[in-house]
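Okay, so chain A shows up in both of these, paired with chain B first and chain C after.
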Partner chain A sequence: MTTDATATAAHGRRRPGIPLGRIAAQLCAWTYALMLLAPLYYLLVSSFKTNAQIFDSPLSPPTSLSFGRFATAISDARLDLAIANSLIVTVSSLVLVLVLALPASYALARAGGRTARVIERAFSLGFLIPTFAALLPTFLLAAELGLFQTRTFLILFLPATSLPLAVVLLTQFMRTVPQEVEEAARMDGAGSVTILVRVYLPMVVPGVVTVGILSFLQYWNEYLYSLVLIGPDEAQRTIQVAVPLLRSSLETDFGVLAAGTVVTLLPVYVAYAFLQRRMEGAMIGSAVKI
Partner chain B sequence: MATGTLPSPGTEGGSAGTPGARARGRAPRTTVMAVPALLWYAAFMIGPIGAIFVISVLRWPGMLARVGFAGWDNYRAVLSDELFWSAVRNSAVQLAVAVPVMIVFAFMLGYHVSTKPRGYRLLRVIIFTPALISASAKAMIFYGLFAPRGMINYVLGAVGLDSLTHTWLADASTAFGCIVAIDIWAGIGYTATLYAARLSALPESVYEAAELDGAGHWRRMWGIAFPMVKDYVGVTVMLQFLWTLFTSAQNVLLLTQGGPGNASTNLSFLVYQKAFLQSDLGYSQAAGVLLFVFGLTGMLAIRRVFRQSY
Partner chain C sequence: MNPRWTACRCAAAATVLSGLLSGCGGPLDPKTDDPGTLVVHSSFSPGTPGADVYAASIREFERENPGTEVKNLYNQGELFNVFETARLADKEADVVLVNLYDKSFSWTGLGATLPVNEYLKEWNLTERVRPSALKAWTDREGRVRGFPWSGFSWPVLFNTDLLAKAGVDEVPRTLPELREAVEALRAEGITPMAIGGNDWSGQKLLMQIMQGYMEPRVARRVFAKAGYCAEPQAMRGLRLFTELRDTGLFGKGAQGFTADEMNAEYFGERAAMMSALTSTIASVPEKVAEHTEAGGLPMPADGQYGKPSVYTGDTSTGIWITPNGREKIDKVEKFVKFFYRKKSVQHFVDDSGFKLGLRDQKGSAGFPLVTESNEVSEGDDVARVVMPDSHVPAAASAPLNRATSIAFSPGASPQRICRALDVAYKS
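Up next, the complex of A and B:
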C-alpha cells in the first residue's frame, strides 16, 4: 500500500458526492443523545419547580433557584441518614472486597498448581451467575444469621457479588509483576503478606483503582438487595431505598421527588467528572472480562 | 488499563523452572491466601444459588410457616398457573424486542462514534451517562416522564398528538411497553460505548480496501466492522440478555408492581412477587429455577449463534 493511499483512507475523503450515510448516522446519534439528555434536564429543572409549574411548562427553566425542595426531600425521607448509611455500606464493602480479593489474586497469580487454576475458573464462572436469582435464599441467610434488617449483612454480602470480577481483574494485574522482584524480596526474608503489601500492591494500583470504581458504582447504586435485606427502617436504609418512598399514593410532589433523585445521582456524576476516562475504562474492561 | 494486561503464560512457565524445593515450599503458603475469598464466595453466592433448588422442592407457605417436603408439587403448581405463562410471554416479548433493538442501534452508534465524527467526544460522554444511573433513580426519572401530566404527555399535546396521550404506567396496553422502553433507552448508550471502544482499537488499515472500493458508511459498518467484532457482539448480546431477563424486576417493582392486573408481570418480577409479596416461597423458587434454566439455555444458544461462522 502506498503512503498516499493510506493517507486518503485515514481521512476518508476519497468518496465522491455527499456522504449520506454519515450524515444520517450523525443525525440519529444526536437524536438519541437528545433523548438521553432530555429526561435528565427535565429531572433537574423539576427539582426547582412546583407541581403546577412542572405540569404546565415542563421544559422551561425554573423561575427561581431555591433549594427548598432539596431541603424538603432530605427532611421528609431522612436522606441525611440514608446518605450516611449508603456511605457506610459503600466504603465498608469496598474495603472488604479489597481485603479479600488482593491476597486471593496474589495467590492465584503466583501459584501455578492445579488447585489455583480450578479456583480461578470458579471465580470467572461467577460472572455468569445473575445475583438476582438468589434474592430469597440470601434473605433467609440474613435472617438465619440474625442480621436481617441491618446494614451489617449488606456489607458482608455485597463484596461477595463483586468478588469474581475483582479477583479475575486483579489476578491479571498481579501476573504482570516480574517474578524477579518477588524473588529478591524473598531473599531478604520477606513473607508472603509483606511481599503482597510492599511489592505487589504499589505495582497494581491501576487494577485496584478499576476495582474500586466498579465496586463504588455497584454498591452505591444497589437497590433490590438493599430493599429486601435492610428494608424501610429509617436508621438503616440506603439512599436508593429512601428516595422512591418520596412518592405518595395521594399526590406526589414531583419537585421534591426530583430533588431527592438528583441527590442520589450527584456523587456518581461528581466522581465521573473527575475520573471520566478511568470510569469508562473500568466499565469497558469489566464487560470484556466475561 | 485492564484490557492491556492480559495474563502472560510466560510468567507461569518461569515459576515452574525455579529450583524445586523453593517452589514447593512456597506454593501451598500462597494458595492459602485465596481461601478467605473462596469461603466468602461460597457462603454468600454459591450457597444461596444452591438453596434455590432446595427450596423449590419444599412446601413453605410463608416466612414463619412450617416447612415440609413438596417434591414436584411446586413445579406442577407453577406450570399449571396461567400467571406463570403470561409472565413467560411478557419476558419473551421483552427479550425479543429489547435485546435486538438495543444491540443493532448500539452497534450503529458505536461504529459512528468510532469513526470520530464532529463532536464525538461530547457524544461519547453523553451516551455513557445512563450506565451511571441507579435502577431506582432511573425508575424515578421515568415515573416523572410517564406521569399523567408528565413530560411525555405534555410534548405529545404540544405537537398536536393529544390522541396518543396515555396514563402510561396505569394502562394495561402501555405499562409493559414502558418497562421495555426504559431497558432500550439505557441499554443502547452503554453497549454503544463498549462497541466504540472495541472498534476504535481496530487498525485503520482494516477499512482501506473498502475505502478504495468506494464502499459507503452502511457497507463498511456491516460488511467490515461487524464481522471483525462479531464474537464480542455475542458477548454483549449475552450480557444484555441476562440483564434484561433478571434485573428488570426492579423497574417493574418500582413503576407498575406488575400491573395493571398482571399486564406487566414478567418472570423475574413473578419470582420476587411470590417470595416477598405473597409469601409462597416454594412456588417462587420453583419459578426461580425455571428462570435460571431459561437464562442458561438462552446463553448457550446465543453463544452458538455467534460462534457458528467460525
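Up next, the complex of A and C:
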C-alpha cells in the first residue's frame, strides 16, 4: 500500500513536470545559441581592450567602454568610404539580381515544356561552379572590358554568382501561386508584365525577401573577387577589403581590428533585423507547403 | 511597405549615392589615371609601424612638388598578389614600396618591375646606398631590382630584470649558459623565450638554431632546394633544436602562437627572451625597453659559429619602379630622391625606429633600443647567419611557416620535422 502510494505520488509529480526530452532539447538549443554568441561576445569585448588584456583574459568584460578603437578603425582603414562602396555594390547588385531573376522565375514557373525543364536545370548547374575556378576567366574578362579596378564590373558580376539560387528559389515560390489567379487577371486584360508585377510579386514577397537577404549576405561578405577585381584603392574598395588593413603581419592592435570587424557586422545585423520576420515567415511558409 | 517601392527606392538611392560620391573629385573617385598623380602601392597603411612618418613625408613631398599628388594604395599580406594582378591588367601603381621577399624576387626578371641600375647612376644615388644593401638587391644577372631603402636587425632581446629574478646575472652567450638560464627561469615560473611557433617568427628561429651546425654554403643550398632529411648538418641542427625545445626553452602552446602572441608575452614581461625584428624592437614598451638588452642567440661551441648569432638584412623595403612608373619617370625621380634625402630618412630613423640601408645616417634618437640592436647586430661580438628569406623559393614560404609549427610541437622528432620541411617545398 505504501509502495503503491509512493509510486502513485511519484507518477503524479512527474506528469505535470517538463518532459526530459524537452529539457534536453532546450539544453541543446541553449548550448547552440551560446556557441553562436561566444565569438560575437569575444569580438565585442575585445573592441574595448588592449592587446595585453585580450591575450591575458580573452573572455573577461572590458574595464572601460571607450569607443576610441572604433574611431581609430574607421579613420585608419577609411571604413566610412568602404561602407559607402559596399552599399553601392551590394544594393546595386541586389536590384540587378531581382530584376533578372523575377521574370526568369515567372517564365520558368509557368512554362511546362521540356525546354523549360532543361533551362531550369541549367540554372541549377550554376551551383557546381567553384568560386576559385571562375576567378581567372573573370579577371581576364574584366581586363578585356576595361572594367578592371572598377565597382561597375563587380556590380555586374556578383548577380551572376547568385542568379542560379535566386531563380531556383523564386521559381518554387511562384509555382505555389494558383493558376486560376493568373487566368482571372488575363481575363481582365492584364499582360504578362502586369501579371508578374501586380499578381505574382505581391504573392511571392517572402521568396523575394529570402533571396534578398541571402544575396545581401553574399555580396556584403564577398572578399576574394572584391580584392582582385576592385583592388586596394580606398576610393573604391569594399569593407571586406578595407578591414584586413587593420591587421599587419608585424604588429597588430587586435582591439582596433575587433572594432573594425564589429563595424562590418552592423549593416548585416540591421538588414537581418529589418527582414527577419518576413524571412522566417517565408521559411515556415515553405515548410508548411512541403 | 510595398516591396516594389522598396526595390525602386533602393535602386534610386544606390544610383544617387554612386553618382554623388564617385563623380569627379568626390571621395569615391579613384583619380588613378590623372597624369599629375603618382600612384604608390605600399604597406604603410595607417596604424602600422612607420605609417605616421610616411604620411607626414608624403604631405611634405606634395608641398615641395606642387602639381604632383600622391595617391596611396595600401595592402598588407595581399600586396604581392594584388600588385601582380594589377600588373597583368596594366593597371599597376607607378611605384611600389615593399620588401624583397617571396614573389618579389621574380618581378624584375619577369618585367613586372624595372631594373634601376641606370636610374641609380643618372640620379647620382649609387653612393648613397650601403654596399651590402646594393648587393642584396642585385640579382644574378646584375640587375638592381629596386632602390634599396630600409633593412633590419634581428637580435635576441633579453629582459634583464626577469633574468635577475631567476638568479641569472649575465645575458647567456653560450649554450651551457642558455640551458642554465632556462632551468632557472622555469624554476621561477617564467617562460624563458617567447616565440610564434606558427608563423615566420618561429620559422626564422628554427632555422637560426639549425644553422648552429650548418656551413653557410650548405644552409643556402638547403634553404633554396630543401633536402633537410638528407643533409647531416641540417639534421644535427634539428637535433639541437629539439633538445633545446625539450629542455623547456619555449612556452606552453608555442606551436600555436603567432608573432602577436610572442610580442604580448615579452611586452607583458611574462617571457625573458624574444627573437625580435627591428620593427618589433621599436614597439617594445618604454618600461620594458629600460631593462632589455640586445644580444645574439647562443650557438654551439662545436658548431659553425663560435659566437652568438643574429640575422641582419637590407631587404625590408625597397622602392620599385613599375612599367607604368616609367611613363611618369620625372615624378618618380623626385619621389625617390626625396625618400633618399638624409633629412627624410632620418625622420624615419628617429620617429619610427627604422633601420635604413643608406650611408651616413645617425642612430635613432627616439628608439635607443633599436640603435643598440643595430650596433650589436653589426658588431664583432656576434656572428651573422644566413637569412633564409633570401633563398627559400616563393612557393615554399607559406608552407614552410606552417611546417614550422610541427617543430615547436612537444615530442616532434628531428626526422618528423625534416620531413615536414621537405614536404613544404613540394606544396
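Remarks
Everything that follows uses one rule, which is that the second predicted complex is superposed on the first by the 222 of 290 C-alpha atoms of A that agree within 3 Å, B and C clash if a C-alpha of one lies under 4 Å from a C-alpha of the other, contacts with A are read in each partner's own complex, and residues count from 1 in each chain.
Here is the rule we go by: a contact is a pair of C-beta atoms (placed from the backbone, for glycine too) under 8 Å apart; a residue touches a chain by one contact, two chains touch by 3 or more.
All values reported here derive from a predicted model rather than from experimental measurement.
Looking at the shared chain after the overlay, A:L27 reaches neither chain B nor chain C. Of the two partner chains placed around the shared chain by superposition, chain B and chain C are both touched by A:R247.
Residue contacts after overlaying the shared chain place A:V167 against chain B, while chain C stays out of touching range.
When the shared chain is aligned, chain B and chain C each come close enough to touch A:F55. Applying the stated contact rule after C-alpha superposition, one finds that A:A133 touches chain B and leaves chain C untouched. Applying the stated contact rule after C-alpha superposition, one finds that A:A184 touches neither chain B nor chain C. In the superposition on chain A, A:N221 contacts chain B only, with no contact to chain C. Looking at the shared chain after the overlay, A:T72 reaches chain C, while chain B stays out of its contact range. Counted by residues of chain A touched, the larger count belongs to B, out of chain B and chain C.
Touch criterion met: A:A104 reaches chain B, while chain C stays clear of it.
Overlaid on A, the two complexes show chain B and chain C touching the same residues of chain A, namely 55, 139, 143, 228, 244, 247, 252, 254. Residues of chain A that touch chain B in their complex: 1, 5-6, 8-10, 12, 14-16, 19-22, 24-26, 28-30, 32-33, 35-40, 42-43, 46, 54-55, 58-59, 100-101, 103-104, 106-108, 110-113, 115-116, 119, 122-123, 126, 128-141, 143, 156-157, 159-161, 163-164, 167, 169, 171-173, 175-176, 178-179, 183, 186, 192, 196, 206-207, 210, 217, 220-224, 228, 240-241, 243-244, 247, 252, 254, 257-258, 260-261, 264-265, 268-269, 272, 276, 279-290. The residues of chain A lying in touch with chain C in their complex are 51-52, 55-56, 72, 75-77, 81, 84-85, 87-88, 91-92, 94-95, 98, 139, 142-143, 148-149, 151, 197, 201-202, 205, 208-209, 227-228, 231-236, 244-254, 256. Contacts from chain C toward chain A in the complex involve residues 3-4, 7, 10-11, 13-15, 17-18, 21-22, 27-32, 41, 43, 45-49, 71, 73-78, 81-82, 85-86, 88-89, 91, 199-200, 259-261, 263-265, 267-268, 277, 279-280, 283. Put simply, chain B touches chain A in their complex at residues 1-3, 5-8, 11-12, 14-16, 18, 23, 26-27, 29-34, 36-38, 40-41, 43-45, 47-49, 51-52, 55, 63, 105, 108-109, 111-113, 115, 117-119, 123-137, 139-145, 147, 149-151, 154-155, 185, 188-190, 193-194, 197, 204-205, 207-208, 211-212, 214, 216-218, 221, 232, 235-236, 238-239, 242, 245-247, 249-250, 253-254, 268, 271-272, 275-276, 281, 284-285, 288, 291-292, 295, 299.
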